[in-house]
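Each of the two complexes below includes subunit A, the first together with subunit B, the second together with subunit C.
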Partner chain A sequence: MTKTLTTTALGLLAVLGLTGTAVADIKIGASIAATGPAAFLGDPEAKTLEMLVEELNAAGGINGEKVELVLYDDGGDPNKARTFATRLVEDDEVSAIIGGSTTGTTMSILSVAEDAEVPFISLAGAIDIIDPVKPYTFKTPHTDRMACQKIFEDIQKRGLTKVGMISGTDGFGASMQAQCKAVVADYGIEIVADETYDPKDADMTAQLTKIKNTEGVQALVNPGFGQGPSIVTRNYKQLALDLPFYQSHGVASDGFIALAGADAAEGVRLPGTALLVADLLADDDAQKPAVTAYKAAFEAKTGAAVSTFGGYANDAFLILADALRRAGSSEPAAIRDAIEATAGLAGTTGVYTFSATDHLGLDLTAFRMLEIKDGKWTLVE
Partner chain B sequence: MRLTPKSATLIVLALLVAITPFFFPSGYYYRVGALLFVNGIAVTGIVILTGYAGQISLGHAGFAGIGAYACALAPVHWGLHPALAAVLGAAISAVLAYLVGRPILRLKGYYLGVATLGFGILVSMVLNNERQLTRGPDGIEVADLGLREVLKGWGLNLTNGEFWYFFCGLCLIIGAWLALNLHNSPTGRALRALHGSEVAARTVGVDVARFKLQAFVISAVYASVAGSLLALQNKFITPDVAGFMHSVEMVTMAVLGGVGSVLGAIFGAGILTLLPQVLTVFAEYEQMVLGLVMLLVMIFLREGLLPSILKKFWGKDE
Partner chain C sequence: MSELLQFLFSGITVGAVYALVALGFTIIYNASDVVNFAQGEFVMLGGMITWFAHAQGLPLPLAALIAIAATAALGVAMNKLMIEPARGAPVVSLIIITIGASIFIQGAAQLVFDKQIHSFPAFSGDDPIRIGGATILPQSLWVIGGALVVFLALWLFFTRTLLGRAVLATSNNRLAAQLVGINTNFVMTLSFALSAAIGALAGVLATPITLTAYSVGIGFALKGFAGAMLGGMGNPKGALVGGFLIGLFEAMTAGYLSSQYKDAAAFIVILAVLFFMPQGLFGRKSTDRV
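Right after this comes the complex of A and B.
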């Protein structure tokens, strides 16, 4: 019995060994939730990275060197993400890692990347990823705190001071709810109603009715993503809640309008990226070239509409490619220094300028306040 | 010398832990090995519950979640050492298993599965929703165990991956040894008797309810320890660890490898841990391949992979 088992075990190891990949000039690793519950984030991200690497190599690579992408699908599972990160670092020996579609997977990859001193650009939202700043970790999506600030800034401009909040209890909704509460006082605004719903709930009229009956409520904010916000929007219409209504950047996609219905979504505002309103950008907008280039390439390649999330991956790759060019080497430490020195790089999400104290590199101008009119996104001036 | 199945199993495990690292081309394989051992510990618990006592649980990830979050929370809130936190997690899991098990082990077949499923989902919901305590679905950091530093002080300098590989390997061997001892003890015999026929077991004086409860509590402790080890080596944990799919995964591993034997179940854990790593190139077909393997094993190798293969080679039972 002993013999059979050891043979089997060795056989399995041999199979594992066979999966090692060929040597390339510059190796970039990625662990992304291309399938599973977070696939709506990871799927466009994975497609974007594959497309960009192909484009880059067709154009001659970086400083004459080809780039190889090692992409793993972690399914949004933090445990798998940690295993894949270890594999990227130890086995594939990549020069940098892009990935972590969700905050959970990002936090798992982060500790591996930091230990191995490999630059890591995350595609997840939470502020904890870059605050406090960790030497090797960067990220491209704006934080949910910035989304809250953008929303409250707009509410303040409208001269309103009392808002009701209805948040999803999923990671995104709960995190943004907490961040909004943390910054709301800076804008002289008060949260008078604070309701939550389960992301799988099919009806939120009870919570909305409670907000409707709250004394003095002047605006409604709905942090959440997935289908929840669409249902909230439908219920909002059914209850004839006549309040300025703000959604979050979590639903900044055409899918949201389709799901909620153009009629119910009329007048809904949310902080989104320039990518959603590529056609409406002014010609002298710094982001215009990056946004239109990505949109055209992605839509031609996949036939699907661009999403904010694919844009995050696009920006991470642009930043990394730019840093690789300037670093002139594939040494992780040199790449890290080059990423940190990135200045004025226009991506789809915003214009990135990193520094030793800022590994996000975006400010509030990265968000555009959008409003849905007749089923279309429009820019709020 | 004639080897008993017990010592044979332990020798195989010890050799596996000690010798395979010589064939590791890179540090990543230590990580896969450590994961395999953690899963092995969890399924050893399933063997005791399902293989010995014939009871089904679809909620064991709940106990893994308790073990994992004990390691995350107790050091922060009560200043407990992470190792003690793991012990605390196991104790909480045992007490909960006792309280929950008392009423639900009266149920049989599907009803038991559904009740344990409910328990697992409850734990998962608490971890997701009690944000102020567990930090919700985004997960929470876990303190370092610190044992690696101690070993370094003794002149044994291991990388993180190596340390967790050998530490989890050692835990698995201890876990397997305890489970095998149980198998041959009066309790083990009583469990196997009630597995065969509860009525028959009762007529010969086996306290069926008490032994079922014991098996449930012991297997909950295994799951909890596995959860703790996972949390401590990942240094970060999310409520996924208590998710329904994780429960199903545990049962699947055990059934695939052979739920009646400790080595078989660990073998199953090995396959389901390694397959996703081998199949990364075909990530899209991973579920399909797993499903197919499962289906074929259920139809053709009904005792599970390992026992069936052994029977083929040896011509008799293990």
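Right after this comes the complex of A and C.
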């Protein structure tokens, strides 16, 4: 009870702008897969959060209060994520939670956060996290449905109507394949060939030959993740398939061009985030300041190249810090309302505008259609 | 027609990789009846070490040699540190030890190298060779050639050399082999070194096609194991034929049926063959004298 009184009092003081020195900290909780099989997601996310909290405190904190980050490593295990989420809520008494690197861990944290009525910003992709909308849950990464829509929009612009799909059978590929099939009709496009491959397969020429010989096929879409798309791209070149070729946001990194070979990847298009093409953004681009600031800070701090995933954590933190400033309180309900009122906040992934019915807050402009030319990313406009 | 040819090329490309992995299983199996589940990790190490050495600026052939030698040394270490101390344990226990070794090697590779996917340039360029409207990559020919050469060498080793016969004798009856003067410890060490070297060679040849990462070993081991079982465990001819057959089944199913059923079709064929011929296509008949 005293605790509640203190925080309320502090909140009031903050609103009145009377807090000259920080009396107590704002506690933010995080449960992230910093190690384990999903470490490629969680590692940059954890580093990003630690870096941002340090930066923020060095600049004086939020409304004069320092921010304290309570970071747990759930190793991508949903059971651990649930334990840590409970600990964050009950023992650490955090004001908000960021985390859930994977959809599995997010679902665990989500139920704890909703029960305790603590705002939660997820870093995972699945659309189920925010559809239907849950009062306390938000997320920053775009969904694979949006990636499909972006690709089909571009195919439609080229005046093509018949596409062949070749998808990985891993979680990412299968989910995106299903989402693409669900939205394809909205663009007047028909999927005339639908092939799959195992993520460990070494050769996809059989599937591609089948697509090549499909009557009327005009473009090729490859939802996939990891090494599969690189091999598909190499096989695409081997068979001299002369179709517009779309990869997914799952391989939006320089590593993809290196693995597939600049020669084979020439002309490949994919939906990626602004972070990937920071140098190419126009100076008046809304995302330019956020993207360059994050890229410069992260690369100076860690020496590693920025990744889309660290960008999700960056955006989650920006949204939360912004909400905390506006809420002027560390009361979870007030923070929740402030997050939902976020409008036009430019992050690395896109420009966020939340509402009572939209807890993702991104539209298709969050994706940039990129094309690989001479081994480099270029923007398709 | 060109379609069938393309499926065939796809099948033998993949099949040659499986065959090379399957061949690696035969020596250790012949020496000790142990199916070495760390065989896939040898393939992974072949690719990863070559990539690493090449990225440090060494020429590709030298990098490949280092990878094969280092992996062979690791095979010897594995035998000395894990298999030999457990001598006398039942075969099943030894197989479980190899699974442990596989997990250990994978974890170590993750720390020593990294978690990214890597590759290195193909030996003879990336320009596909066109035959009758279908295409095949020059690197595929390297893998196919590698599989054939290793097969020939193994076949000669087991049938024409005293050492090869010593390996077979050790497997047949370790005590009897010792009594006739065979140094069975040396035979075991040799068989691990050779198996590891063949695995690494598979990794070196296949990586420009399959790419490599710390986690690729299990996939190779499973398909190679399936190939070896289909052909008959322990027989180099069986490993070669079994590996190619599985690759061809997969490609034909993906091409003519549906890629969804590709893996299932291959395994159904294996089950069917093993049902009627439990020793595999070329396996030795097990006759126990009573």
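Following the convention adopted for this analysis, the second predicted complex is superposed on the first by the 357 of 381 C-alpha atoms of A that agree within 3 Å, B and C clash if a C-alpha of one lies under 4 Å from a C-alpha of the other, contacts with A are read in each partner's own complex, and residues count from 1 in each chain.
Here is the rule we use: a residue touches a chain if its C-beta (ideal position, glycine included) is under 8 Å from a C-beta of that chain, and two chains touch if they have at least 3 such contacts.
Quick caveat, the model's predicted, so the values are computed rather than measured.
When the two structures are laid over each other on chain A, which of subunit B and subunit C touches more residues of subunit A?
Comparing subunit B with subunit C, the partner touching more subunit A residues is B.
Just to be sure I read the superposition right, which of the two partners does A:73 touch: subunit B = first, subunit C = second, or both, or neither?
In the superposed model, A:73 contacts subunit B only, not subunit C.
Thinking of the overlay built on chain A, is A:86 touched by subunit B (first), by subunit C (second), by both, or by neither?
A:86 sits against subunit B, while subunit C stays out of touch.
Using the superposition on chain A described above, determine whether A:357 touches subunit B (first), subunit C (second), both, or neither.
Neither partner.
Could you say whether A:206 touches subunit B, subunit C, both of them, or neither, answering first, second, both or neither?
After superposition on chain A, A:206 lies in contact with subunit C alone.
Just checking: does A:171 make contact with subunit B only, subunit C only, both, or neither of them? Give me first, second, both or neither.
first
Could you look at A:226 and tell me whether it touches subunit B, subunit C, both or neither (first, second, both, neither)?
A:226 sits against subunit C, while subunit B stays out of touch.
Per the definitions at the top, what is the overlap between the subunit A residues touching subunit B and those touching subunit C?
Common interface on subunit A, subunit B vs subunit C: nothing in common.
So in the complex, the part of subunit C that touches subunit A is made up of which residues?
For this pair, the touching residues of subunit C are 3, 6-7, 9-11, 13-14, 17, 115-119, 126, 128, 135, 137, 206, 209-211, 213, 216, 219, 250-252, 254-255, 258-260, 262-263.
Can you name the residues of subunit B that touch subunit A in the complex?
Those residues of subunit B that touch subunit A are 8, 11-12, 15-16, 19-20, 23-29, 31-32, 35, 128-129, 131, 136-139, 141, 160-161, 230, 234-238, 240-241, 263, 267, 270-271, 274, 276-278, 280-281, 283-284, 309-310, 313-314, 318.
Please output the residues of subunit A touching subunit C within their complex, sorted ascending.
Contact set of subunit A toward subunit C: 39-40, 166, 195-198, 200-203, 205-207, 209-210, 213, 226-227, 230-231, 234, 237-240, 255, 259, 261, 263-264.
Quick check: in the complex, which residue numbers of subunit A touch subunit B?
It comes out as residues 1-2, 4-6, 8-10, 12-13, 15-17, 19-20, 34-35, 72-73, 77-80, 82-84, 86-87, 89-91, 103-104, 107-108, 111, 115, 126, 128, 169-171, 174-175, 178.
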